[in-house]
Each structure stands twice: as C-alpha cells, then as structure tokens.
Amino acid sequence: MTILENAVATTTISYRDAMREAIRDAMLRDDRVFLMGEDVGSYGGCYAVSKGLLEEFGPERVRDTPLSESAFVGAGIGAALGGMRPIVEVMTVNFSLLALDQIVNTAALYLHMSGGQFNVPLVVRMATGAGRQLGAQHSHSLEGWYAHVPGLKVAVPATVEDARWMLATALEDPDPVIIFEHAGLYNTRGEIPAGAGPVDLQRARVRRSGTDISVITHGGSLPKVLAAADALHEEGISAEVLDLRVLRPLDTDAILASVRRTHRVVVVDEGWRSGGISSEVIARIVEGGLWELDAPVARVCTEEVPIPYARHMEEAALPQIPRIVRAAHEVLGA
Amino acid sequence: MSDKEHRQHLLARMLRIRRFEERCAELYQAEKIRGFLHLYIGEEAVAVGALESLTPDDAVVATYREHGHALARGLDPGSIMAEMYGKVEGCSRGRGGSMHLFDAAKRFYGGNAIVGGGLPLGVGLALADRMRGVQRVTAVFFGEGAVAEGEFHEALNLATLWHLPVLFCCENNGYAMGTALYRSESETHLTLKAAAYGMPAWSVDGMDVEAVEAAAHSAATAVRGGGGPHFLEFETYRFRAHSMFDPELYRDKAEVATWKLRDPLVTYRKKLSDEGHLDEAEWQAMEKEVKAEVDEAVSFAEAGTWEAVEDLTRFVHTEAVTG
Amino acid sequence: MIEFRLPSLGADMDEGMLVAWLVSPGDTVRRGQVVAEVESDKGIIEVECWEDGVVEDLLVTPGPTRLPVGFPLARLRTLDEGTAEEDTPSGPAAAARPEALVAAAPVWPGDEQTIVRHRGPSGPPRVTPPVRHLAHQLGVDLDHVLATGDDGVVRRADIIAARSQAEAGRPRATPMARRVARERGIDLDSILPVRNDGIITSAELTAPAAGVRAAPPPKSRPVGHEVPPVVVKSPPAPQEAPATDKMAAMRAAIARSMARSKREIPHYYLATHVDLGRAMQWLEDENGGRPITRRLLPAVLLLKATALALREVPELNGHWSDDAHHPSADIHLGVAVSLRGGGLVAPAIHHADRLDLDELMEALRDLVGRARTWRIRSSEMSDPTITVTNLGDRGVETTFPVIIPPQVAIVGFGKIADQAVVVDGMIGVHPVVHASLAADHRVTDGHRGGLFLDALVQLLQEPQNL
Amino acid sequence: MTSDDAKRIILDVLSEIAPEVDPATVDHSVDLTEQLDLDSMDYLSWMLGIHEATGIDIPQRDVSLFLTIEGAAAFLTAHAA
C-alpha cells in the first residue's frame, strides 16, 4: 500500500465525486457557503452529488427546499445579497425554467439596475443534457439560453478537473455564475493532477491539439468529440478539440486562435442549432476570423425536435461520434 | 418626539410623497421623465406608516410603484428625481429609472418591476439574516396582483417553513393594472391565503396612516423577536391611473370619487387639525418646506449630468475595487 | 485511337506535372519511346509510351498544374488508322470529331499554359443516374460538362465544377483562399477547386500548383502558411528532393514569382569586373588578427558595398506596385541563400547600410543558419527592397539574375577568382569578381544602373571605409 | 587527440552542416568545398563548429589546411592540448 500511495501523483475520481468534493471543500472553507435545493439533503441529491453532506453539515447548511424553483432560487439571490454564498442546486435545467424569472430578471440584472450597488454572488448548479431516455421534458440543453444574458456567467465543466475546481472560482465571483453539469458526465472518471487548484472561469482550453480542423464543443459533448478526434486521427486527420468551458463570457480569442491554426471548424453542441450557442460561436468566427476560414463551417447539433423517448430515436436526435466525423469530412471537402 | 410632533411628521412624510408625485406627473408631461411612471398618490399612508415601524438595519424590497417607499425610507429626493431624469447622480446612476430605485446604504433593495419577483428575494435576505444570527426584518412590499403569482405562494410557504423574519406588506389597491381583484382571485380575502401558510395575517385600513403604523409596528416587532413571517394587507387605493398612459376604462369615476373621500392626506390633516395637532400656519409651513424639498430635488435632477456613453457596458459584472 | 494518359510511376504517385513534350503532333512514336517529361514528388521522370502510333493531339501543355494519374495527355492514332479526317464518317465534322475542350480554369496566372480537358468520343455524355440527378438538381446542362472520368464518364465532381464555374462568373472560394489570392496576386479564375463542392481553398493556392485533381485527397492537406520563399535563379535539381510541403510550396513560389518577373518586368542587364585586390588583401589582414569566431567572409564586403552604393542610386531600391515605383528609404538587402537539397530563399538583412562589417557578418550568419533550417521570419521574406544573389565563391563567373517582384533590381556576384588586371599600365594578377545588375527598365535606365555599378566598384576599392 | 579522434569530430561537425552527406563516402584528401558543394558560409560554419567542439582556434593562415579532411585532422592533432 505504501508503494501505491507513493506512486500516485494524480487522483482518479468520478465527476460526481469531484463535484461533491468541491462543494464540501467550499463549505469547510467558508461558513457563508451553504447548499440549497430540491432533495439535496436527505435524499443525497438527485444525482447523488450531495450524498453525505447533510450528515456532515446539518440541515441549516444543506437545505432541502420545497418544489419551488422560483422561490428558492430567489431566496438564494436574497441570501447572496444578504451576505451569504449560496450554492443553489436546481435539479435539472428543465426545472430551471420555473426559476427563469429569478435568474434572468433578478440575478442577472440587479447589479446593473442598481447602478453597481447590488451584486449577487450566487452560484446555481444544474444538471443538463439528454441521452438517458428521459423524454422531452427532462432532456433539455438550454445552457446556450442562459449564455445569452449579460450579467450571468455560464460555466460548463466537461472534465473531472473542472468539476472539482470550477465551483471554488464561481464562489469567489462577486456575480451570479451558473454551472451546468451534463448528467451524462457524472459517472465519467478522470485524473486530477496532484496540486491542482482553482481554475479560471474565462478561458476555453484546447483538449487536444491538431492542425487540420478545429472541433469546438463544451460540456457533455466533449467525450464524444474526443472520440471523434481519435477516429479522425486514425484516418490521418489531425483534429484540434477546443473545450469552451465557459459559454459566457465566451473565449473568442481562443476560438479565433484555433481557427487561425486549422482554418476549418466544426461546432458540436447538444443544444438545438437555431439561435444556439453554436450559432454564436460561428458568428464570432465570422466576425473575427472570416479571412482565416478555408472551408464552410459545419455544426453538429441536436436535431430540431423535442428529444424522443425511444432509445434509437433519441440517439438519432443527439450529436453522435459518426456525425461529428462526417461533418469533419465535409468541412475538409472529402 | 411628542405625539403631536410624530403626527406632524407622518403628515409631512405623506405630503412630501404627494407633492413629489404631482411634480413627477408634471415633469412626465414635460418629457423630463420618460418610460413607465407609476404614481403612488392615494397610497401614501401605507409606505409612510409601514416604514415608520422599521429600523435603519431592516431591509426593504419594493415594487415598481416605489417612489413613496423610497421617500419614506429616507432616500434623498434629489437622487430619486435625478434617477427619473436618467442622470448619473440618480440613486441608480440613471440605469434604473422610476421602477428601479436602489440604495445600498438604506438597505433599499429596489424597485422590482416583475410582479411577485421581489418576494423570493426578500425571503432570501431574511434567510441570510437567520443563518447569520442577525435580528432584523425584511419588509417586502407587493400589490394584490402579486397574490396571483406562483412566487407569492412559494415565497410565503418557504418563509413560514423556515421561520424567516419577513414582513409581507400587501398593498391592496384593488386593481392589478386594470383587473379588479374579484376578477382575478377566487378568494379575495387575502389574509386567508397567508393564514393558509401558517403565518399571522391582518387586514389594515391603508388609508389611515396611524392604523398602518400601529399594525406594522406590532408585526415588525413580532418578526424581529423571532416570531416568523407576518402578513399585512393594506387596503388602499390609487387615485391616479395605473401609469401615465391609462384611460382608466376599468373603473368608475364615482368609485374614484368615493375613495378620494378617504384621501389619507386630507383626512389625516383634518384629523390633526381637529385634534389640535396642526394649525393653518403649521400646515402652510409644512407645504412650503415640502415644496422647497421638491424644488430642490428637481433642481438637483436638472443640474445632473449624463453618464458617459463610454461607460455603457459597466455594471454587468462587478468591477474590481481600485485604489 | 489511343489515349496516352499520365502513368503512375510509383505506388505512391497520384499526380504529376507535365514538364515537357518530347514529341509533336504528327510524330510517329514507337512502343517504349520517351515522349514526355513529368515531374512527380520524386523529381522529373521521363515517361515512355507503350503503344505504337502517330501523335494526333497533345491535350495538355507543359506547366505547373498537377494532373491526376490517368489524366489524358495526348491522343495517338494507331499506325493502321488514317488521319482523323479520313477516319471519321462524313457529316457535320464538329458533331463527329472528338472534341478537345478548353477548360476555363486551370491556368496559372499569366502563365501561357493551357489545360485541355478531354471528353471522350462524341455522343451523349456518359452519366450515371445519381450524377444525372445531381446535374438536374444543380441546373447543370450535361452537354456542357467536361468529363474527367475514365472513358469520358461524367463524374460527380465534374458537375459540381461546372456549377461552380457557371455561378455568376465568380469563383466560389473560401475567405482564406480569397485573402491568400489577394495577398499573392493570384487570379482565382485560374484555379480549379479540388473539393467536391467546388469551393476553392487556400490549399490550391499554396500547394505546388493549381489543382485539376480528379478526386480530393481524403486526408489532411498541407496548408502552407509560410510566405513561400522567393527564388533568385534556378537551383540545381535536387537529387532526392525531400517531398516536404515546404519544399513544394517553395517550388510553387519560385514558379510564380519568376514567371511573373519574366512576364511583367522589362529587365536590362549590366555587368562589370571589380578588382578586389585591395579588398581581399584588407580582408586577409583583418582576418589574420581575428579568431575564427570573428572572421569575416568576402561576401560581407560585397553586401556592404552594395548597400552603400544604393544610397547613391536610391531608385534601384524599392518596390513596383500599382503601376508605380515606390522607392524605399530603408535598405533591406535580400540575400539569396541556397538550401542544401535545392531551392533558394532570399530573406532580408534589415538596414544593411547601417550595419558595420561585424554586425553584417553576424546578421548574415544568423540568416543563413535560419534559412537552412526553415526558420525565416515572415517579415524577412516580405520586405527586401533589393536582392543580392550568388554569394557563391565557386561556380560561375557571371550571373544574370532575375528580379524578384515587386523589387526593381537585383545584384549578382560571380565567384572571386584571380585574373590578369591592368593597373597603371602594368599587368598584375588580382582577385576579381564579376558584378552584374538586373534592373527594371520601367524604373531606371542603363545609365543609372551604370552609375550604381561604378559606385560599387569604387566602394570596394576602399574596404577600410566599408 | 589521435588522427581518428580528430576525423570523427571533423565528420560529426560536417554532418551537421551537410546532413545529407554520408561521411563514409567523403574522400579525405579531396577539396571539401568542391566535393560536397560547400559554399563559403558552410565552410566557415564547419570550421566554427570544429572550433566549438575542440576549443582550438583556427588562425587565418591555417585555413587552407582545412580544405581537406586530412589537412584538418593534421592541424587538430598538432594543436590539441
């Protein structure tokens, strides 16, 4: 055992555990931090993220709420204004629509409407995404919507390391941050380098370098895109994978830098294409990198249909590895 | 403060709101103020009476018809007027306007123009106080229209569930814009709704500033003392239209006239006069003083400056403190 | 009728450039006869014809266009066939004659080369139903499509190419391709797309030559972002050219730059002997006192003298653009550096006239070292105001260099060699170099050029002042 | 330093200057500049490289020795410490 312990320079951990560790760590370090949401306490979190935290921190700081998304998100805003550092868990993005007023009309606007007097240091976490046969009302990917709104910051951790460390940065932020956790990622495992610490909430990151084409994505699509890049590699195509990490502010510089390296782009987004974050990414490319484009830009998004229940239909609706590979081929003119 | 002085103080506070609002109407028509403008005329007794019961430590969350609350809370009239002018000297730097008056120093949390939107916020402020062990009250004002919103029910439930120090102040002026209460609510006794969530609830004559003050004082004291949330319904009436552009098709002139007989300012002045707490000279002096205040507020707003357009994108994210 | 097609000369060859025809129409060729020279990635290869016949038509003229293996190059009559006229039945000749259609596109800008696309024997175009459907969808008239498939079969790409050419006369090109074309003065009309959708990409502009590729490569293509180096004179043919993208891009750039120069610039040439007796003696003395690390090469004296002479005839220093000469206040000497393995680059030594000999030597050493390891900075490639070539101390006596557009002059030096020289009526043996000047007649005349060489000669007589 | 040591250094440096050259094929007694198409900069770089590898300065008067491998090796063995 000693040998093993000494040998481990990195920690392998699941995305779920990383997120729990992030919450726990934040609560240990700052007694203003508390967790609030539906079934975060006794149940242990819908996705078991907060399992064990109630026992450790008690019901005041791990606060089960009624099914009142608007009220408890609004209460989070008020608590943030009142000096606390709430982490509000909205079970899924689908239910966040019931709290849209508080997020968009209050959290995002208060600083501005008050002429800079009232900032809202709130963190809202929510699960997002499809892929588990949960049907149309439990399969939304609406992070792009939230990224539309000035005043919010929208983080989309796709890796275990980001799951572990984005929260700390979000809690340091004086303004509201929404963290979208793709439910398909909770079971993914990854390594966290020893000595890792808080990460920025501003920059996209190249997850794989390449020279022929940039595949730009975020969140739950990242593993698919990396797999597609592997497949392309087998064919001799060198794909760069850019993980946006944060949808607002969007790291335009990183996007354009990648375009300058490869001159060809595929954007992969589990959201719908019309008016989605993929549209925004491409618009930025056209605005700032038109003359670098050496092929039409392609998108792999969810089909413009509510997510069906039947497995084969759901799979057909969502971005999949073969579609990503095909899109890359098309962009490359092959 | 003697009883007489206190009563004159209440009257003067109401008078200041009245004259301020009248000037706003005038300035709106002169196009000095734009956007939506919701006047508080007729409802002055509610803000004055209720806020009289709060301490500076307490918090206030108001609605889009909040000039009266802002004035009663002690925001500088000049900064309010400048805000309506859109000047950078305004209490929200001209970013908010009539519906979004804010003042951190006064713990005045707006100016929320989403009906019902302020209730969860107030619950959260109270939650923070509760978790931090601070004994203070968050007063949340909202109209009776908000009672139809889910947020009202969610917020009241949460406040009672968590036993939070919130004073819910429902200003029932009878109309949600143009929709009469009986046309939108199956149960028009609003206190019953609050009571259903298990909190003490009273209905109060909102045209009687002393009744408002007494009820609010009692409720606020209970809230501050750890009694959990309380609910007050103030029955009141707005004498003017919902906003400046409103032909008032939804109510009879006779109804307005009837309510005007209960004008909180007029009746209270008469009451003080009748009871020997106000003579004509004092009234004239009060009028003169209020006029001077309002004149000064207008001058302040007129003299104010426009924020530089280069600053447009400020206040989206918190700015790093420099220096 | 026999079609002579571009053969595959190796398993990895899928395209080549026709360098020269060794036969003409009417010539009789015998099986095994070398009929053409083709350049592949491996170098120039002689190509044999494996049929007996008489050359009827040469379908492709030599030039830098990359042709796919299998592309028809010529048609031959079998020896027992008559002439084409005799061979065809009577009737409207045009309808019956095999057609040779000139494609609109694949001509390198300004190059005289013409690619002739072949369509098989006349008759209705041979089209598969899916391709016919595509033509219908895109509104392409099959009678006007150039077939590139085997035996005149119309391919999908042909339809797309036809559509792209038909579109408002404006080539469909990516923004980057447009930018590169603009920067390099390439006419997009002259480029054939390689993509299935007919869109021109930068690859066709930066790759060795414009594409007439039958099929797009499925994999990553070189995207040459380096500003290709410019060439000064034909380098020796590489024995085994490294088939790197950079090398290919360099050759393409050489082709473009030199073709443009010869096409557009009216050169005049002047040359003179320069007695380097004093200069070499001075250098010998100077180097004698220096460690090897600080030793100077004769080239440094030549460069410095050139830079200083330009101050006296400044109109040789600058650029020609927009139909006008733009003299440069700064003297950035392009220095031709031959690369081992072939090719030449001519990056700039900035402000060469202001550097002392040691600085110049250091700059030269740095530049040569980096040029040979492909680490030239783009600014060095783009901003020489004049070029000096053949610093070689071996080989030829005299150079006749070609101006690198948009520069307006180039100075050449041959090898330094001992020659008999008459000085003050006495014959002596001195080291001598031939200095030559090629200059743009639109900008200067021979008189000014002569003054420049004269100044150069004078400067080299006083090496201590350089 | 033996002559073989010297030649090894000389050829090592040479292969940096002219990587395409097979050292085994170099004639040690023939003028290198002609044999290997070295220009004056290559030639100087080669001598500089030898200097860096050995620390031995090569005076101008001895440069002519370096026209051949043999000559260069002789110089180095004579001047090695």
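A, B, C and D are the chain letters, set down in written order, and residue numbers restart from 1 in every chain.
We take it that a contact is a pair of C-beta atoms (placed from the backbone, for glycine too) under 8 Å apart; a residue touches a chain by one contact, two chains touch by 3 or more.
Since this is a predicted model, take the numbers as computed values, not measurements.
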Pieces of the assembly after leaving out chain A, positions unchanged: B | C, D
item	value
Farthest chain (mean CA position) relative to chain B	D
Pair joined by more contacting C-beta pairs (C-D or A-B)	A-B
Centre-most chain, if every chain is reduced to its averaged C-alpha atoms	A
CA centroid of chain C to CA centroid of chain D, Å	36
For chain A paired with chain B, centre-to-centre distance based on mean C-alpha positions, whole Å	40
Centre-to-centre distance between chain D and chain B (centres being mean Cα positions), rounded to whole Å	95
CA centroid of chain B to CA centroid of chain C, Å	82
Chain contact topology (line, ring, star, complete or other)	line
Each pair of chains that touches, named by its two labels	A-B, A-C, C-D
Residues of chain C that touch chain D when the two form their complex	284, 287-288, 290-293, 295, 297-299, 338, 340-341, 364-365, 368-369, 391-394
Chain D - residues contacting chain C, complex	18-20, 33-34, 37, 39-41, 44-45, 47-48, 51, 57-61
Residue numbers on chain A that touch chain B, as the complex places them	34, 60, 63, 65-66, 68, 70-84, 86, 98, 101-102, 105-106, 110-119, 150-151, 153, 174-175
For the chain B and chain A complex, residues of the former touching the latter	59, 90-96, 100, 102-104, 109-112, 114, 117, 119-129, 131-132, 138, 150-151, 154-155, 157-158, 161-162, 314-319
Of chain C, residues touching chain A in the complex	174-179, 194-197, 199, 201-203, 216-221, 223
